[in-house]
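A quick write-up on the structure given underneath.
So that you can tell them apart, the chains are marked A, B, C and D in the order they are listed, and the count of residues begins at 1 in each.
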Amino acid sequence: MKISGALKHLIGTALFAAGMALSTAAMADTIKVGVLGSFSGPYAPWGVQFRNALDLYQEQHKSKASGYDVELIYRDVGGNEPARAKQLAQELVVRDGVQYIIGLEFTPTILAVADIATEAEVPTINLNSGTSSVTRASEFLTRTGFTQWQVAAPAGEYAFDQGKKTAVIVSADYAPGKDALDSFRYGFEKKGGKILQEIKVPLGTTDFSTYLLRLQEAKPDVALVFMPVGPMSVGFLKAYVDRGLLKAGIDVYVGAEAQETDLPALGDAAVGIHSVFTYSPYQDNPENKAFVEALTKKYGAKGLPNLATVAAYDGLALVYHMIGATKGQKDGKAAMESIKGLTIQSPRGPITIDAKTRDIIQNVYLRVVEKRGDGMLVNKTLATQQAVKDPWKELNPAK
Amino acid sequence: MPSLSTLLSLFIDGASYGMILFLIASGLTVTLGIMRIINLAHCGFAMIGGYAALALTSWMGLPLLVALPIAILLTMAIGFLLEQTIYRVVYRTHEFGQILMTLGLTYLMVATINLIFGSLMQNIPVPEPLSGVWLAGGLTVSKYRIFLVAVSAGVALLLWTTFEWTTFGTRLRAAIDNPRMARACGIDVGRLLSIAFAAGCGLAALGGVLGAQMLPLEPFYALKYLVLVLMVVTVGGLGSLKGSLLAALALGLIDTFGRYFLPELGAFVIYVTVFAFLLIRPRGLFQNA
Amino acid sequence: MRELRDPSALPEMRSALRTHRLGWFEVVMLAVFAAVYYLLPGYLPLATQVAIMIIFAISLDLALGYGGIETLGHAVFYGIGGYAAGFYALYVWQEPISGLLVAALVAGLFGVLSGIVVLRAKGLTLVMLTLACATMVHEFANSMRAITGGDDGLSGYRIDPVLGLFRFDLFGRTAYVYSVCVLIVVFLLARIVANSNFGLVARGIRSNSQRMQLLGVPVLNRLVLLYAVSGALAGIAGALSAQVTKLVGLNTLAFTLSGNVLIVLILGGIGRLYGAVIGSIVFVALSDRAAAIDPFNWLFILGGLIVLVVWLAPDGIVGRFSALTWQFRKQERKP
Amino acid sequence: MSFALEIRNLKKAFGGLEVTRDVSLTLAGGARHALIGPNGAGKSTLVNLITGVLKPNAGEILLGGREIGNLSQAERVKRGLARTFQVNSLFSTMTVAENVALAMVAHDATDARLVGDISKDAKLSARIEEHLARLNLAEAADRLVSSLSYGQQRIVEVALALALQPNVLLLDEPAAGLAAKDVEILLGLLKGLPTTVSVLIIEHDMDLVFRFAETITVLVDGQVLLTGSPDAVRKDQRVRDVYLGRRHG
């Protein structure tokens, strides 16, 4: 371990290089893409959606991007485990020699990987974390999901436009939740509404009764809610309708919480929940129809996509574009340049990568949950805002 | 100052939460009292009960109230089987071996549940007559919570009667008080323990099924609520049912009120309380030995 | 006074005092660590995690294996050390080695404070108190979002190059060598403590604390000291993780970590220092590979492994091994 | 001059029951003193009072001329009062050498020393070796106490107490449960104790007592019946009455 003397150092470096060569040289012509996600644990549903979309995309394109073979290497982070995410990212870059990384659900895991992205100049695509600021953590970060500001600020505006004058914000207490609080408030107050109270719910809460009691007592016109998708979002909305708040006339506006994949768990009580979001599998455009059809054909009813699926699908499309633009060479900077200002037709509508901020620009829809003729619960679009940029970055320009 | 109806509402929420904790903890405190074994797998039995009820209701379409006793019996059978086999080894090994082995067993339970039911959070639907709320004046009370308090109070009463008024109860108390002496008096402590263990698993299962609304079912259930249940047992005093009941109610209420009045602190309130309490009374509310 | 005997008589006494001796094990381990660096460059991040886990397990071995302090909340020191190192780098100085020392100091101090209150208890109550203490700190860190970052973790700090020369590089080479060097220092430190008068007294307390008290040793006092030393070393492990990952999460304070380190130590064998090394290698390497192959069913393997080890080798892997050699030696001695 | 151990008018009652009534006793330096008496005479209580397990209601206990009646057990040990226990109270999972080393470290007050390899402490090793050799335990140095025979464990008890380098050594029924052969070994060891130690032995084995002690105190009903040489005690009619079952006056 203790290397003393130039000779020893030389030998060491040579050996190290040899080891590196051994582990990377084997498949020089294949371009490797590392996929980091939660394929186990309570957050596994995300990983499943990622994989569904990525495998489909690979199948549709025969794993060839502009003639280059593309290989996906999956690694399981197993939840919000930044140390593990970092270790895996490091191994992907160093041992497996990946040129691109996509995936990751959580702000901390993204931030843990950002350093690696910068250092190794590996373009990294954030598929889910909604914290606005994360794309600033590295020049090699971009996003195909959404930012919390992007949907919550319009949600605040829409709610006011629907005649709601007072609101209570309920949010899970972590970084994206902070963004949600600020952006709901920004949107709602900009129009002239009044925020009565902010209720912060600790992450991991399963019993929401006390928080709902507070909400009920504040007697707002509307509740603006943010919970991380999964146990908390389903649990909260369920408790919300069970407790009769919706019936009592307190409308609820959410973002990703009312995705079609989670509606069955809520049951018919979900009818009437408003959401402002960027994707619904029942959206009416040709790209989406083909996308949903291909997924359900491949995976059956379980293949019903949500935004995570679309984000992964679009994310890999970006990677394919970058591979073409760099002619398969490892050139992170050129690859990132090639997607700046790029617009692609996503199943959710057109999306653009902002040339300045590397963040996503996309349409935002106001929807309400309805029961369709066949008994399915779906989100019906009420209004659309075109090409919404991340408002936080507009309000907080980079220095 | 919050209104009376708020306080009442909080009280019912807290009490029902506490009663669920009591149901799960009651079996643990009895086995702990007799064998001095920290059975970290105990919450796993609550989980097994919950998932059994889930399978019976959503796969086989049975109504919850029919599924409930079947789920309890099933859990008891599984508990009894494990007690007769793996726990025999657990009893013999040293204290940390016991902790580890029951932890290992918990992992096995988590993995099994995940394999069968998947990692998603599951929901046992509440039967129609029990869902919804009662509105009385400014008071909103969930019907299900009232039902919970009533059922668990009934169970607690039943337990108390068994403990105080039957020969089985007398023997059990003797065994908790001094296992060696009880053995010398001709009480078959091993058999007693097996019965108590299985019964404890049944109670945990009851708690797991009824409490699924508050402690939702997921594969990591067995680990997630373990600390809480262990604290109920320790605060109550090892082997004391009465202690566990009081401790569970107190924890449920403190947690609920804490979350209402100091929402930013979240679960911190409850752990500080427990820690401070154990410092003052390291042996808990009621300690037999 | 009688003259001291010639030193040749002493080796016998040395084996009778059962102190920890450096031998082939250390040589093999050094060789393995060196070999990993040269031959498995792609596994350096994983190997770094192993080194950190070893340090953590060694610290637990001092408390549990030597002093018999039964704790189910050892992660509290790991986490506190991690946060201390994080805050230090964020607000004071980015120099890593001083960061480790600060973390050790803070964690050790917490060991003194919590030890004074917790260590008066014994048995189950002690187990529960340590658990409650750790959970309390976990929830505290969770609720102090503004300072700790709560669930998002503490991040945004830089760490200077080690000794001003070695930058933390992408390949994790610096992180690995740095961690292994710290591990060697911690191992030697732990060994010194274990072999000292104090180490003997700690073993005495574990064996019969009442008699220790009657020999005139203030037992609580000594246990607190041991707890603090153990806590300080655990703090170093946490700090190392914080510096290498450049992020401290709430999971560094979680029950799972306390449970895992216990598994590691009992898997390896307690009260020997070696156990911590073997246990960590087996546990981390196995969990990483198994989790890579089959993430969820990995719990089957882990759970089954734990049950089997406790069943068949209650003294751990090293214990099993040395129990055999011990028997062998005894047979040899007896005519 | 001050005695090694002096007890003046010691009284102890449990509720209304007087177990120790006005006991006085002196041990000169290097004394070989035995305390005997029938069951229920209050011997154990007296031991507990001297060692500090119990606190007396009245009276004084002086060790080397200094009052120790208010000190804790551990503090009395520090002042040079060591004892053995009726029931073995050893570090059974440790080796004989370690047991002795623990006592020595405790006596030297070096138990908080964090550095310095104990096995490389040549002085300590030599002391242990010498100590064990004197008690015929050298062979057993590296054996675990739990693996020793009962007789050997009793001797380790004595070794542990002696390692504290006491001025006064209290032997609480050292021969209890020993086979005749082991009693002989024990007696040999006790006779070889250095004269710097004053010994107070409480024992039922009269043969051992009369062969070892130079002075004997007979305790009956919590009171000293008589103190004298073994011969004087042997010849005393009152003592015979007590031991033959006829209740004393």
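Definition applied: a contact is a pair of C-beta atoms (placed from the backbone, for glycine too) under 8 Å apart; a residue touches a chain by one contact, two chains touch by 3 or more.
Computed from a prediction, not measured in an experiment: that's the story for all the values here.
Participant: Kindly list the shared contact partners of chain A and chain D, in label order.
Facilitator: Common contact partners of chain A and chain D, which must touch each of the two, are C.
Participant: Count the smallest number of chain-to-chain hops linking chain B with chain D, moving only between touching chains.
Facilitator: Minimum step count, chain B to chain D: 2.
Participant: What is the chain whose Cα centre is as far as it gets from that of chain B?
Facilitator: Looking at centroid distances, D is the chain farthest away.
Participant: Averaging the CA atoms per chain, pick out the one whose centre lands closest to the mean of every protein CA shown.
Facilitator: C
Participant: Which pair wins on C-beta contacts, A-B or A-C?
Facilitator: So, comparing the two chain pairs, more contacts are at A-C.
Participant: Could you please state the distance in Å, as a whole number, between where the Cα atoms of chain A are centred and where those of chain C are centred?
Facilitator: One centre to the other, that is 38 Å.
Participant: Quick check: how many Å separate the C-alpha centres of chain B and chain C?
Facilitator: Roughly 33 Å, centre to centre.
Participant: So the centre of each chain is just the mean of its C-alpha atoms; given that, what is the distance between chain C and chain D in Å?
Facilitator: So the centroids are 42 Å from each other.
Participant: Send over the residues of chain B in touch with two or more other chains.
Facilitator: In chain B, residues 119, 264, 266-267 touch at least two other chains, as defined above.
Participant: Spell out, as numbers or ranges, the residues of chain A touching 2 or more other chains.
Facilitator: If we look for residues of chain A contacting two or more partner chains, we find 40-41, 44, 173, 202.
Participant: Could you say which residues in chain D touch two or more other chains, in rising order?
Facilitator: Residues of chain D never touch two or more of the other chains.
Participant: Let me know each pair of chains that touch one another.
Facilitator: Listed by label, chains in contact pair as A-B, A-C, B-C, C-D.
Participant: Inside the complex, what are the residues of chain C that reach chain B?
Facilitator: 64, 70, 72, 117, 120-121, 123-125, 127-129, 131-133, 135-136, 139-140, 142-143, 255-256, 259, 262-263, 266, 270, 296-300, 302-307, 309-311, 314
Participant: What part of chain C is in contact with chain D in the complex they form?
Facilitator: 2, 4-5, 7, 9-10, 12-19, 192-193, 195-201, 203-204, 206-208, 210-218, 222, 225, 229
Participant: Provide the residue numbers of chain B that touch chain A in the complex, in ascending order.
Facilitator: Touch residues, chain B against chain A: 2, 6, 9-10, 13, 17, 119-121, 123, 125, 131-133, 135, 140, 142, 214-216, 218-220, 256, 259-260, 263-264, 266-267.
Participant: If you look only at chain C, which of its residues touch chain A in the complex?
Facilitator: For chain C paired with chain A, touching residues are 30, 33-34, 37-46, 48-49, 142-143, 145, 149-153, 155, 169-173, 177, 180-181, 241, 245-247, 249, 251, 291-292, 295-296, 298.
Participant: For chain A, which residues count as touching chain B in their complex?
Facilitator: Residues of chain A touching chain B: 40-42, 44-45, 173, 199-202, 205-207, 209-211, 213-214, 216-217, 230-231, 234-235, 238, 242-244, 265, 267.
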